[in-house]
Structures are given as structure tokens and as C-alpha cells.
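This report refers to the structure that appears directly beneath it.
Think of it as A, B, C and D in the order they're written, each chain with its own count starting at 1.
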Amino acid sequence: MNFISDNTAGASPNVMAAIAAANDGTASAYGTDLWTQGAERRFAEIFEHEVAVFLVTSGTAANALALASITRPWGAVLTHEESHVADDECGAPEFFSDGAKLIGLPGAGNKIPPDLVTRTLARFREGALHQVQPQALSITQATECGTIYSLDEIGALKAAAAPRGLAVHMDGARFANALVTLGCSPAEMTWKAGVDVLSFGGTKNGAWAAEAVIFFDPAKAGELKWRRKRAGQTLSKGRLIGAQFDGLLADGHWLDLARHANAMAARLASAVDKSSEARLAWPCQANAVFPILSAALQTRLKEAGVGYLPWSERSLPEGVTLAEGEVVGRFVMSFSTQEAQVERLAALIEA
Amino acid sequence: MNFISDNTAGASPNVMAAIAAANDGTASAYGTDLWTQGAERRFAEIFEHEVAVFLVTSGTAANALALASITRPWGAVLTHEESHVADDECGAPEFFSDGAKLIGLPGAGNKIPPDLVTRTLARFREGALHQVQPQALSITQATECGTIYSLDEIGALKAAAAPRGLAVHMDGARFANALVTLGCSPAEMTWKAGVDVLSFGGTKNGAWAAEAVIFFDPAKAGELKWRRKRAGQTLSKGRLIGAQFDGLLADGHWLDLARHANAMAARLASAVDKSSEARLAWPCQANAVFPILSAALQTRLKEAGVGYLPWSERSLPEGVTLAEGEVVGRFVMSFSTQEAQVERLAALIEA
Amino acid sequence: MNFISDNTAGASPNVMAAIAAANDGTASAYGTDLWTQGAERRFAEIFEHEVAVFLVTSGTAANALALASITRPWGAVLTHEESHVADDECGAPEFFSDGAKLIGLPGAGNKIPPDLVTRTLARFREGALHQVQPQALSITQATECGTIYSLDEIGALKAAAAPRGLAVHMDGARFANALVTLGCSPAEMTWKAGVDVLSFGGTKNGAWAAEAVIFFDPAKAGELKWRRKRAGQTLSKGRLIGAQFDGLLADGHWLDLARHANAMAARLASAVDKSSEARLAWPCQANAVFPILSAALQTRLKEAGVGYLPWSERSLPEGVTLAEGEVVGRFVMSFSTQEAQVERLAALIEA
Amino acid sequence: MNFISDNTAGASPNVMAAIAAANDGTASAYGTDLWTQGAERRFAEIFEHEVAVFLVTSGTAANALALASITRPWGAVLTHEESHVADDECGAPEFFSDGAKLIGLPGAGNKIPPDLVTRTLARFREGALHQVQPQALSITQATECGTIYSLDEIGALKAAAAPRGLAVHMDGARFANALVTLGCSPAEMTWKAGVDVLSFGGTKNGAWAAEAVIFFDPAKAGELKWRRKRAGQTLSKGRLIGAQFDGLLADGHWLDLARHANAMAARLASAVDKSSEARLAWPCQANAVFPILSAALQTRLKEAGVGYLPWSERSLPEGVTLAEGEVVGRFVMSFSTQEAQVERLAALIEA
């Protein structure tokens, strides 16, 4: 049983079917094909807004391109200290932005407290010569801890960022998982709340390799076509990504997939709640569960061949500490996680 | 009829079948999956040599990563002035290498004359402070003009590059097309002839988006894993690329696909040879044909809805000039080009 | 009375005389002149070690070149969160290193606790793909808070850094000030304690614009000549820097200048100790004094036209907090600070 | 007798005196001092225009900062193939611009033919995805061959560059030498002729290390302060550069120095004209002379201990070729070249 990540799954059948359907005849290259154009139109509909869309093959590329577009080389990006852009992309944002600085902020559950944004900005005098210039705020929705920002929280972050003109980027590698939990519209979770640029994640949602950088102000996206090309992210057979989004976005399939993953996580979280050997490190709000596991439970899971990741304690809520032998474990559900497996895992944990 | 490029096709049925077969169950992420490992083993067999292999999704990324690995930021890459790395990648090699310089050399048929390498190197004193340091030679096989280097020519280029310690890179976006023409082994066309690093092209050959950077001295490849990650080219669901190569490389499928494309090109070239309104700008040696088209023929092709690209005259052989109204046209054949269409085109040209 | 920084002074008379003496006849350009060579020899004598020396015009350039030489673009530099390289150079290290990451560590008095190096390294698994690779540790001697590391503390940092192979860089913008306090040899404070690369500061010490990057293992310095040239730091009339170091280093002039500056700081610190309206935020160990000033004293200083900088409270020692209205002030002494002015300031503070 | 370069001289007495005069008391740091502000005012007067001025210590830095300011990383700079920025700065423009491409154009006497600009631009389709985007034209006045562009020629280059919106940069490392030959105003040779950004050279003119990046549209210079800081080119004791320009620019001293150097070159050129063993490769228009030297004359110069540089033949005028044994020699005069030495050299050549 492998709960290590939602990227260990393949692609959903709808995505596979869409790729197969697109594999017919010739198509114009480099993202000028009909499937890519179709994806662009779908995004405009989904977000109820004019958008500029750039399809790429990895979340790392989407995030790094997005941040490079809104930050000068001497600029700084405020982000959570454990965010993917700060800690899991081997310096990709620094590479794509020609050396901008990521400033990592602490915060329980990997959520950035708005007042910390304000206090941090106060340390960087506007226009000062010697310091880098804060120019962007990057938040992750859902976070790496499986938590989500409420609409009010996003709005509060925007309010903290706006006085200094920071652009707000949302890393939406698990955008759909957050969206179905909040039950709001994609527009409400993004531009209506103050998001300027979004990394829309298709891969973890059920595609093979399909991510989109989405600008809600197309006028600001003018240079991204060159950045993307120059980064080797402009596929010649661009319909491969366009078709994946076709399969994903049609008929709300992407939301169905996310609902399934979230439901599996909720089932596991409820087992943790009942267990005397585990407790939740953070509330389960998307498709991942982070129980604090007793030593005995760790042994039992190991013997049962359950795959999960040990996780960092840096963002535990105030007051939560680990007893000796305890660890935080990460269990991530995907569109393809089978209910039977989750039930078996739940049984192991509740036992 | 679309002869604009070999990247307007989709993927071969074998490749699609391999992807579908790989879409089953969970797999470890970031290129540690069985399909990627299988591709790595196949490349070692095909090249009869220990290799370090890095799968990526675009030729631009493969070339830029390869060149960045063998060139310091103050280094220089000698290449043809019309090579893809010099003229079609929007500065990707400069980006990935943190600012290395590409020095474009002229040469008929986009082939670099070995003695020009020698003369160019003489202009750059070894170890000099003020000039960039030549550190790599990049050749394209087959070239953008559809010509190919013979094994002796590759050897002569290596001999010109070796005294100054230049690493030799081969851009093999159309590697298979060149190989089946030469009829030699992959080993003979690469490390035996002096190639240090190869961009092995799967996409134009029949995949969706599958390229490989191949080092023949794995000891020199140690840092590429970070370069690739940092460039957003390390797919989380890495089996997508591994499976494409699985479909392509099994049972010599890649060579069959290339043989078909080359045969289609040869058929068209023979029509050009017979035509009074066209002549070949360069010999047809791979899967592309470059006829010099009379004005009348251009009109006829346009009326028939034939898609092709006008091409640069910079690398015409000495003595070949265009009469008024003539243009060079590029017609590229892919694995999926249909014989009937080529016959119709041939008929138009011979008419 | 201006105590804002030690960079508000000009150059010492000896330095001016050395420049004037060097301004005679022609000299070979780009750092191949006799004065530069003389400086290189002096550094070898001063450090009792073979050294590779690269003269530049600013501390920012010295630090950024030094760090770029020991860090790959996907590497990380551990440093204090308030160090000059992290917070005052507008991202120069990121620029020169093509995007390496600076990881800021907290620590009282701007000194990095060795065990925090160990704990931080534990968060970065060796050879891991997704995280940047820690490759250097940068310490400042004397620190921006006017404190200094003891030889044992430098050794302990080296011991924490060594198991992971981190190179140790010392930002010695105020190297002489620290040295005369410790009373040890330059060798003891650098390579004998584990420092691999030093930014040796001449500017604050009494030159106009003269800094040196010094490698204690010349074999590792091979590429810096190109990095420096490419950064526009290779002066054509290189003797300008060589001569400044000539004036500074001859007959221990640099140490005399530092002793004067430190003595002035000690005089002021003793006044703070006696004052009921001020107390030292950190011990005065070099040429800067950081009193915590009462509101009344701030007013008195303002009325007297005393120039000083308000300073950050981030690195106050544990337990030290500011009462309402208090601020930390920075007063820096230079080679040219006049005793009479310090006495007047002392009187104001003691009053 | 050393005629190798105009950078083998030291500084003019006026410059030394200005530095000494500035070395008094404290001054605010990082280019906010009175001397720097004075230089800025002088430049506005000299150019009869509002300007944004950035003082730096090397021509390499001035050029690289200027080009980085007017070119995106995927942009291209058209320049002469033997210009200093293309061939003598170890890739500094590529470094500062984060990877922009320099496109080297041929042209006799290192002057770019305007129609070649037009033809080159035609090869780069506006807004095209795959190619870099031409965004700047960089010309050198006087050129590395000692020739100068007339005002009409500069205007013609501007006219060729303007339709595509290229910014025009002038590398004025020997600006004064060109200016006194043309006898026009600084305004006429720059913004009135279409120059947008100028690297104004003080070093070769008679300073130690003083160059200025000058924008004729200050609104476009907004970001250069961060670029300069980040490049380690913002001196803390900025008055060192300000004072040099003070000494240089006061009372037309800079023009006097250039007139002397040019006169020395003219004297030598007249000797070459009379010699049977030498002829001018290019007309002598500034402070350098490039005779084609017979083998016998080379021997005579060597025996007399005359220092000069062998020079490239790439930009010889059409029809000029070297006989066996002949070489092009470069002899450069500076503000400090002594008439007696030139007379001795002239005698050797005329003999």
C-alpha cells in the first residue's frame, strides 16, 4: 500500500482517452494547436475571467516561470519556509528569475500569517539600495501540510501584500483539492481574493504531466512566451499537454477526481481521530493526512508494508510536540487511491 | 498536405501502447521508476557502452542541459551559425549555461568545416583573460538542411576540437534518420567517432515528448541531476517519458520509423531531380528535402494546399544562387507521412 | 559628529602617498603590474602561507566572487540571517553564483552557533535531488554587531561544516579590527582555524577601494580570474588597488589603523558602561559600539548633531529587550575618528 | 618605449590633485557624496541634457550594465564582431544581462555598415518565438581600430535600428578622442544623433578608474541602481570616482588630454605615411595608429625596444592584404605620451 505521494499514480482514464483522441493527423506545433487553444478557452470559462495561459510539463517549471515573471533579479519573494518553491525545487525559482531571493516565513501548518508579511515587509525599506526588493508573495493552496487557506485568509494576505505592490502567486499543485473543500468557485479562490498569477496543477490531479501558468491580467504575461521557450518548456507537440487538460477539465472530471482523493483522506483522518496511537498534526482539509504516529503504530505499519513519508515538525501548531519515539507521517491520497486500501489502513490505525 | 515539419505528427501507435501499458498502479516518482530504468538499460545496449542518461521532454532542454554541462559561464561553444542551438532556441543554451557564448560558424549545408574549427580556435588564445574560453563543439546530425556528417567528417571535427580539449556535443534531434542513412552502429556515429555528449531525439522520431541527454563518460554527468531538476525537467510521473522510449526503442521500432521517413524523403527528392522547375539545394540524406522552387511551382503548390516552409539561403553550397522568384522550400517527412500524399506531391513537382 | 559608518572616511595619508608614488611611468595593465604583485607577496608573508590573491574594488564584489567560487548554482551558503552577504548586498552573491541560495541562521550578536550549523545541515540530505546542496559556510569577522568569533568558535564552526565538506568563507570587511582584538596571527584567525577563502577588507581599514579575495589553496582559485574579469572587477590600471594595499600593509600600518579605531570604540563603550541612560546591546570587541539608548539620550544626541544609525534588534542576546522608547544605536569608529570627538560624545552619554 | 595601450599610463596630475582634495573629512557613502553629485551635474552641462549618471570603476562594468539595462535575457545586441563588448570582456555583457546574445557583424575598420544592420534585423522576425529578439545596437566611438563614426554615420545607424525599436548604446571608452577629432559637441555625438545610453570613459582619458553610464532618458534608468549595487560596482567611498571626474571634467581638462593623445597619434601617422616600410591599415582618426609593418621594420622596432601590439586583420578594408612577413601593429597614445618618444619612434619608422 503506497501512500507516499499523489504523484505515484499514473493518469486518469479520461486523460488517457483524450491523449489517444488527439493523436490523429497533423497539428501545428509549439502550442498553437487546437487542444492547447481549447484548454485556454476552458480556463477562461472556469475562472470567469480573461486569462493568459501557458502550459508546461512540471509544477517546478510552472512555479519558477510564474515567479520569474513577477520578480526582478534583485527582487524577493515572500513565501512559507517549507513551501515547495522554497524547499523542494532545487533552486528553480532562483534559476528562472536570474537570482531573486526567496524569503521563507514560518507559520503553523505551512500557512503564512498575514501579520508576519507586514512585519517582514517593514524590514525592507521601499526602494532601499542595499536590500533586495520584495515584489511577490507566493502561497500554496492546498499547503504541503494538507491545510488550506480560507478565502478570508487569502484576502488578508493580499491586504498585507498590496500596500507594497507585491504580486500574489498561488502554487496550486493541489488546487482542485482545496477548491472542493472550500466549495467556492475558482474565481473566488483566485482573482476575486487577490491572486495575480496561478500555477494550476493538473499532474497530481490526474494528468501525466500538465500544469498551467495562468495570468489573470494578460497584459502582464507578454514576456512569458520567451521565458517558457528559453526554458525548454515549449513542447513541439504541444497537443500532448492540451489534450491532458481536455480530458481533465471536461465535464468537471478534475473536480470529481479531487473529491475522491479528499474523501479518501477524510476516511483516514477519521480513523486517526479514533486511534489511541495517533493524532492529527494538522487538520485534514484536502487530500493528505498527517498523523503523529506512536512507535508501536509505526512498527505495525512497517510490518504491513504501508508506504508513507516521515514529515518535518517545523510547522507543528504551537503547543504540539512529539513524545519520544513519535514521528509525523504523511499519507497522500490521489484520484486513483482505492477505498479498500484506505479501509485496510484505517483498520491498522484504529486497532 | 502538411510537410512543414516532422513535429506536426503525433505519436506512433507503439508509443501510445507503451504509455497505456505503463499507466497501471503506482510507481516511484522523479525518474526512479522501472520504465525510466528500462530506457537507461536500452540506451546502454544500443550504444554498447556505459552511459549516464537523463530523460527530458524537449530537444531545447536536452541541448541546453548538455551544453551547460560541458561549458563554463565564460566558455564558448563552437557551432554552425544556423544550428538549432544557435538560432532556434531563443537563447536556451545561454540561459542554462548562465551566459556562455555560442560562436556561429558558416558552412555549406549547415555542416561545419573542420579547418574552420581550427582557424576559429586560433583566434582564442588558451587561458587568455579577456576572451571567452572555447570549451565545446556542437554538431547537428542530421543537420537542419537534411544533410549528414560522414563518420570521417565527425572524426575530423573531433580531431580539430581535441587539441584544445573541447567536448563534442551532438544534437541528435534526428539521430535515427542520420543513422539509418549511414548504416553504421549508434556507437560508431557517437563515442567511437569522438562524441562526448548526445541529445538523443525521440520526439521527431515518433514519441510525444521524449528526449535523452546521454553522457558516454558517466563520471562527467554527476551534476546534471540537479541542473535538470532546477530546470523543471524532472517529471514527477517520470514513467511518461520512460514508457515513450520503451515503445520507441523496443524491437528496433525507432529505426523502422526513421527508415520510413527517409524513404518518403528520397521519393520526393527523386521527383525534384526529374523536375524542370525545381532542383535540390542540398543532397537529400535524411528525412527532409530542400528543393529550390521556381515561381510557377510555388504557385502550383500553393493552389494545391501544400504546406512547407521557406528556408534560409545562408548555407547554400558555393556557386548555387537563386534566380529571381526562386525560393528554397523545406519539406520534412515523419514516421507518419503517408506514401499517397508524397506521391501526390511528387506528381505536382514533376508535372 | 558623524559615527554612521567607517566608510564615511577617506583614505589614510599613507595610502594616498602610495597611490601618488605609483603614478609614475607606464605599467602593464589588468593586474599584472608590480604593485599588485607586491600586494600578493605581502599577503603570502602576512598569512605565512601560499595564497592566490584577487584584488577588487568593493567588499560586495569580494564576497560575491568568493562565494561564487565555492558554491554551485544549486548550492547553498549557510550564513547569519543578518550578515552583510545575506542582507546588505542586494542579492550580489545570488547574481555572481548564478542563483545559489543563502540560508540565514539566527544567532545572538550576529554570531552563528555551531550546533545550529549541524542541525541545519541535518535538514538537507546529502545528494538529495529536490533541495539545494549546502556547500559553504560564510562567517563575518568582526560581525556587523561589532562582536568577534574566538579562535575556538571559528574552529567549532569549521568542525560543524567539515563533515559535509562545506568550504568556509570569512567576510573580513573588518578583518584587522578583529585581529588586533584577538591578538593572534592572521594565520591563526584564518587557515589554521579552518577558513578556506577570505574577503580581506582594505577599504574600511583605511584605503579608498581595495579588497582582496584570498584563497589559502591556490589550486581552487583557477577560475576566479575569469569570474573577476567578467564581473568588470579587473581594473585596467590595476596598480590603483595594488598601491593602496602597498600603503596599507607596509610596516604594519593596517594594524595601527585598526588599533586606533578599536581604541576609540573602547573609549565610547566605557562611557556607555558608566551611563544611566544607555547600556551595551553587545560587548564592544572591535571598532563599533551598539548602545541601547533611552529616549532622553536620543534627544540629547540629536540636539548635539551626533550622526549614528538605528540598528536591528533581531540579534539581541536572549533576555535583552528594549523598553518603550529605547532603540539600539550603531556608532562606528574608523582610522580617522578623532579622539576629541569621541570624548565629546562620551561626555554626552555619561552626562 | 611602451605604445601597447592607453591604459598603461597612470592618472593625470589634475586627477591626482582632485582625489587628494576630496580626501578630507567624512562624506556620505555609496555615491551620495558631493563629488559624485558634482560629476552628475557636470555631465548634464556637458551634454546639455537631463541625464541619469552611474559611476563605476571599469569600462567592462559600464558597458555590461548599460547593455543589461536595454536588453532582456532573450534579447540580442547587434555589435561589431571585433568590438570590445563582443570580444574583450570575457562574456561580461552576457553575465550582466542574464544571457542575452551578442550578434557580431563584420565591417571594415571595426565600423558597422548601416545596411548590414537592416539586413541582419530582417533575419529576426519581430516577436518570433524561437529566435532571440534584437533589442539594442552597440557602437564604439572611437573604434578599436582608431577610426570614428561621423555624425551622419551614427545617424544612419540609428535610422537602421529605429524601426525595430532598438536602443542605441555607445561604448565611449575613447569618447573624448573621437569628440575632439569631430570637433562637434558632446550632445551632437550622442543624443542628437540617436544615442540612448553612453559608456563615458574616464580611465583611458586620464583617470585611474572612472567610467560613467549615462542615460539620456533618466526615466529608463530606474533599475540601474540595483544592477550596479548587485554587481559590486557601488563603491562605499564613492567620492573616489566622483573626485576623478571632478579633476577630469573641470575646465575642459579631459578635452586637452585627448587632444594631446590625438596629436601624438597624428605625428606617428604622418611618419607612417612617409615610410617605405609601413602603411596605414586604417586612417588615424583618434589616438591610435595601426601601421602595416614590413618584416624589416618589425625587427628594427624590436631592437629599439618599442612595445606595441600585433593586431587582427579581420577588419582590414576591402582590397588591403598583407604581404608575407607583414603584420598590423597597434600603437596607442595616451594623455601622458611624451613627444620625444613619439619623435624617436617616428624616426625609426621613417628611416
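Following the convention adopted for this analysis, a contact is a pair of C-beta atoms (placed from the backbone, for glycine too) under 8 Å apart; a residue touches a chain by one contact, two chains touch by 3 or more.
Values in this document were obtained by computation on a predicted structure and should not be read as measured data.
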Pick the pair with more C-beta contacts: B-D or A-B? A-B
Using C-alpha centres only, name the chain that sits farthest from subunit D. A
If you average the CA atoms of subunit A and of subunit B, how many Å lie between those two points? 35
Which whole number of Å gives the spacing of the CA centres of subunit B and subunit D? 41
Give me the residue numbers in subunit A that touch at least two other chains, ranges are fine. 73-74, 89-91, 95, 98-99, 129-130, 226, 229-230, 234
Write out the stretch or stretches of subunit D touching subunit B in their complex. 73-74, 87-91, 94-95, 97-102, 123, 129-132, 312
Parts of subunit D lying in touch with subunit A, wherever the complex brings them together: 30, 72-74, 98-99, 129-130, 133, 223, 225-227, 229-230, 234
Mind pulling up the subunit C residues that touch subunit D in the complex? 2, 4-5, 7-11, 16, 19-20, 22-29, 56-62, 64-65, 89-92, 95-96, 203-204, 208-209, 226, 229-237, 239-240, 336
